[in-house]
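Below are structures written as structure tokens.
Here chain A shows up in two complexes: once beside chain B, once beside chain C.
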Partner chain A sequence: MTHPPAAPLLSVDDLVVTFRSRGLFTRRPPVHALRGVSLHVGRGQTVGVVGQSGSGKSTLARTVVGLERPDSGTVSLSGEVVAGTAESLAGLRRHVQMVFQDSLTSLNPRRSVLATLAEPLIVHRTVPRSGIRDRVAELLQAVDLPAGYMARRPAQLSGGQRQRVNIARALASEPELIIADEPTSSLDVSVRAQILELLQQLQRDRGLSYLFISHDLHVVRHMSDVVVVMKSGAVVEVADKATLYATPHHEYTKELLAASPTTRLALARSAARGRSRFADQPG
Partner chain B sequence: MTAEVAGAVPRPDRHRRRLDVGGALVCGASILLVLAVVGAGLLTRYNPTEIVGTARSAPSSAHLFGTDQLGRDVFARTLFGGQQTLTIAALSTLLATVVGVPIGLFAGYVGGLRAGVSMRVMDVLLAFPGILLALIIITIGGTGRGSAILAVGISFVPVFARVVYGSTQRARAEEYIAAAKVVGCSSLRIMVRHVLPVVLIEVVVLASSAIGWTTLLSASLNFLGFGVAPPTAEWGADLGAGTRYIAQAWWISAAPGLAVTLTILLSNFLGDYFAKRLSAPRADVVAATPTELAAAPAAELTTPRGT
Partner chain C sequence: MSAVAPGGEELLAVRDLRVVFPGTRPEDAAVTGVSFAMNPGQTLGLVGESGSGKSTACLAIMGLLARGATVTGSITFRGTELVGLPERRLRPLRGKDIGLVYQDPMAALNPVKTIGAQLREPLRLHLGMSRKQADERAVELLDRVGIDAPRDKLRSFPHEFSGGMRQRVVIAMAVSCNPTLLIADEPTTALDVSVQAQVLELLSDLTTDLGIGLLIVSHDLSVVAGLADDVAVMRHGSVVEYGSVHQVFQRPAHPYTRDLLAVVRELEGDPVDAGGRP
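Showing the complex of A and B:
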């Protein structure tokens, strides 16, 4: 891979995704999930994506990691177009990983933590077979879980612990970019801050970039350098964090900010809560 | 207070399952039936193909189920006949599983045109009555045990393919399958490591019921004379031979007929038992463990979920 110095890590250009229901007897109108979305994520940067349900945030995430096929437009990584073709996906998958919203359903209930975390190592052959156990232990350590959890199954973990396993799985192939699709929305409020703190710490330690998707303006503000506001499958505003929250331009952004009680409340709450929670280590 | 305390979440309770009397009876009876058929030589001193008494003598202490139209012991023939019938049934079920499961798995996971075409072929086969399909295969392949196994097996391939196709499609929609794709697993790996274990549960249930259906079909083929050659004992063949004497010697047909009925009943019960046992609400697929719920304050559980 060549890295033109100017190219951002991830470039999404004019991405269009349309869902058509094809059936013998059913004809529903196509759903335009993404109508020409463009955005860029620089190295080490976190780009937040906000928008209501149905704004296309999750479709964007799934298209970037290759789970959905774009009708048109491109996804490029370090200047190389990766979306669309099968060969390029194999390369993409090592460099771009995803943390899913639901920590329970995104882990196979029948497989142990070890089996789940070993899978990327086996598939990409990054570690010799004999070294897999040690590497999995390292991954668990990176997400503050004891190595003894290897033998556990998802049902034997709490929501926060499961999401840590999800993050460890995303880290396993040593990606440059992690797409986090509402990584905390399935979690208890008490655990959310810990997971966000973990993501930030991993970013500092490993120079990761994040495409951070959330409907929660407070969380996005907390995490992101740049915020992208989406509505009905299109980007309506892109601004750096400070500008967006201080002087929103688009009407929809203003509506979102006005409609979110968390914007002001949460600031007060997190100040009151102090940082003691972040120090909470799972056993 | 947080749910993140180590050791707070116990291992799911699996062994505290109450003894299932019905299930134990069905399993026990099935094992007995198979043992009786396999160990037929130990349970009777008669040779099933040897004439050992007067023709068509009624059940007595010497001949438990009487003798047949030639004077052979019906009890011995029924036990030994099971070896033929159950072998054909078991091997054809195995054949249907081995061929049908990969077809359903592939079509269900990969989807697209090829899957559509192969499943439509399965639908066409499924639309034929099993006996007709089996007879067509017998016509092509000739009579005999091997041909009967092939005929019965192929007749049941679409049944297995259909069931596996459906459950594969359901499994494919799971989020952890998407996660495995993102990780970089090949389709083959996902099918074998993630989808097959889910599907196999249904295959076990289906196969145990299918033993009954394949028993009936293989007995039917033999009843019509398209199976093992005489004088070999076989349930369907003996049942057919006895129909001519049903008014004078009902036991000739009744014994193998009851054996077929018993096998089908047990197989169906066994299927039900496995279905109940394997699909019972499992601790590892429940959304939250009781301890986890107890660990989180009620207010936090009502947190609305995002998109």
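Showing the complex of A and C:
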């Protein structure tokens, strides 16, 4: 395990987020989405976040990038607290990019792929104007999409293709930290392997850091130096991956690891039903 | 080796389906000559790489493709030809006889309506339930897909739900009117393993207890292996391999299927026995 330096790139301290319904007639109980969450991501490090559906993973990600306002607690970048001001958020955007869980709603339906990917290049001036089209083609190639897709709108892409446009957009501004919320959930194994390899390559070359949210334990194991396990808005376990997988400490972690299905088991169940349209079933 | 059921018993039969989107060349058809069939109560898994045409095939069955898309070939649902069927005859089938779980939950949810209102709608429209009956059924459905405190959640809006919760709401909506065919496009992508197990259990119960035919798209081969009876592997718009899950997973004939399974084996670290030996 790599030791985090004195001031980690990202430091989340005791973050509390509560959602209160503000309906006129409806009074619903408040949702305690984060109940004092702390974690650190060092430079060049990948921290994986796993946890049940509704445990607060996306809320954590959204709060770090300033999309939700915490009740209390702080988010710091390289030791400096990111206050909720426009200036400080603009600074944050350059260094921190997010890949959202929902790839459809996070893309502007009226914008072409070219416009979507060109925007961060223009805003952050990462390439001269004349080089934009080439850079967009390069980004598309990196996520295994043909350059011919530049003219397409989000509705003209498949689910996995949209997810890859989102990843390419995050890479475009050459951030230091990428917060990726289920970035490969709609990708088949071969494309997924390619995207994960790309992310690791960038980490080796440029020291990029990742806060990597995924329910896929294979992916988390493959990517992370440290794994954070969340449950009901709280961190219940933090461990380097070797320790976590060898000696899970918390009950919930054990449950998570045990539930990981394997193809072999699944196949056996399917065969037992014998409902196939095809005649030959194994004996 | 060939299909056993005579044509008359088929729940769904897709023959030589071809889809060309507007603005693309005919040779770039998103779906080119796809054929498969399902018996009632049977589960067919549709797998294949990103962009291979899985969602397009599903949407074609529902008659929900983008305007201007050209669909040719034949899709029969319990003997009725769906290709070219007028919208007014397709509409009553959707949500009642055929349920659809969209790949993107937000595409199926109305952001300004409560979850409860959206769950009640098909129940009142198709099953003629009263508001109170529909509310009870909605609570039961949310509970079934593992949503905590379901009664409170009826007044929530989609943006107040987590990704995995939305995906489960969409599943609840799709099964609410007891369809005879459920088309589920990547229904478990946003779900952690414990919730995923619960949803897969539900889908499996629906096929076994209620005899619902399930067409499931998933890039997760262990999901397909567990649920499906037959599997069709798509690539570049065509079906490159089609057979029982056993034929396809244990003795993959197509190089693409072999590659696919090899990657899974590597990731899982728990090899599927490719030769079918113990």
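What we mean here is this: the second predicted complex is superposed on the first by the 215 of 283 C-alpha atoms of A that agree within 3 Å, B and C clash if a C-alpha of one lies under 4 Å from a C-alpha of the other, contacts with A are read in each partner's own complex, and residues count from 1 in each chain.
Methods note: contacts are C-beta pairs under 8 Å (C-beta built on N, C-alpha and C of every residue); 3 or more make two chains touch, one makes a residue touch a chain.
Since the model is a prediction, treat every value here as computed from it, not as a measurement.
With both structures placed on the common chain, the touch criterion links A:Gly160 to chain B and to chain C.
In the superposition on chain A, contact of A:Glu255 is made with chain C only, not with chain B.
Shared-chain residue A:Glu197: touches no atom of chain B or chain C. Legend: residue contacts after superposition of the two complexes on their common chain; A:His218 is shown touching chain C, with no touch to chain B.
Once the two complexes are laid over each other on the shared chain, residue contacts for A:Val65 go to chain B alone; chain C is not touched. Once the two complexes are overlaid on the shared chain, A:Asp13 sits clear of chain B and of chain C alike.
Residue contacts after overlaying the shared chain place A:Gly54 against chain B and chain C alike.
Touch criterion met: A:Asp102 reaches chain B and chain C at once. Applying the stated contact rule after C-alpha superposition, one finds that A:Ser186 touches each of chain B and chain C. Residues 52-54, 57-58, 101-102, 104-105, 155-156, 158-161, 182, 185-186, 188-191, 215, 280, 282 of chain A lie at the contact with chain B in one complex and at the contact with chain C in the other.
Chain C makes touch with chain A in their complex at residues 1-5, 21, 37-39, 41-43, 47-51, 54-56, 66, 103-107, 148, 152, 155-156, 160, 162-165, 168, 185-186, 189-197, 208, 219, 221-223, 225-230, 243-247, 249-250, 259-260, 263-264, 267-268, 270-273, 276. Of all the residues in chain B, the ones that touch chain A in their complex are 1-12, 174-176, 178-186, 189, 193-194, 197-198, 283-289, 292, 295-296, 300-301, 303, 305-307. If you check the complex, the residues on chain A that touch chain B are 52-54, 57-58, 62, 65-67, 90, 93-94, 97-98, 100-102, 104-110, 119-120, 123-124, 146, 153-161, 166, 169, 172-173, 182, 185-186, 188-191, 194, 214-216, 280, 282-283. Taken in their complex, chain A has these residues touching chain C: 19, 21, 23, 26, 28-29, 31, 50-54, 57-58, 101-105, 155-156, 158-161, 164, 181-182, 185-193, 215, 217-218, 222, 255-256, 259-267, 269-271, 273, 275-282.
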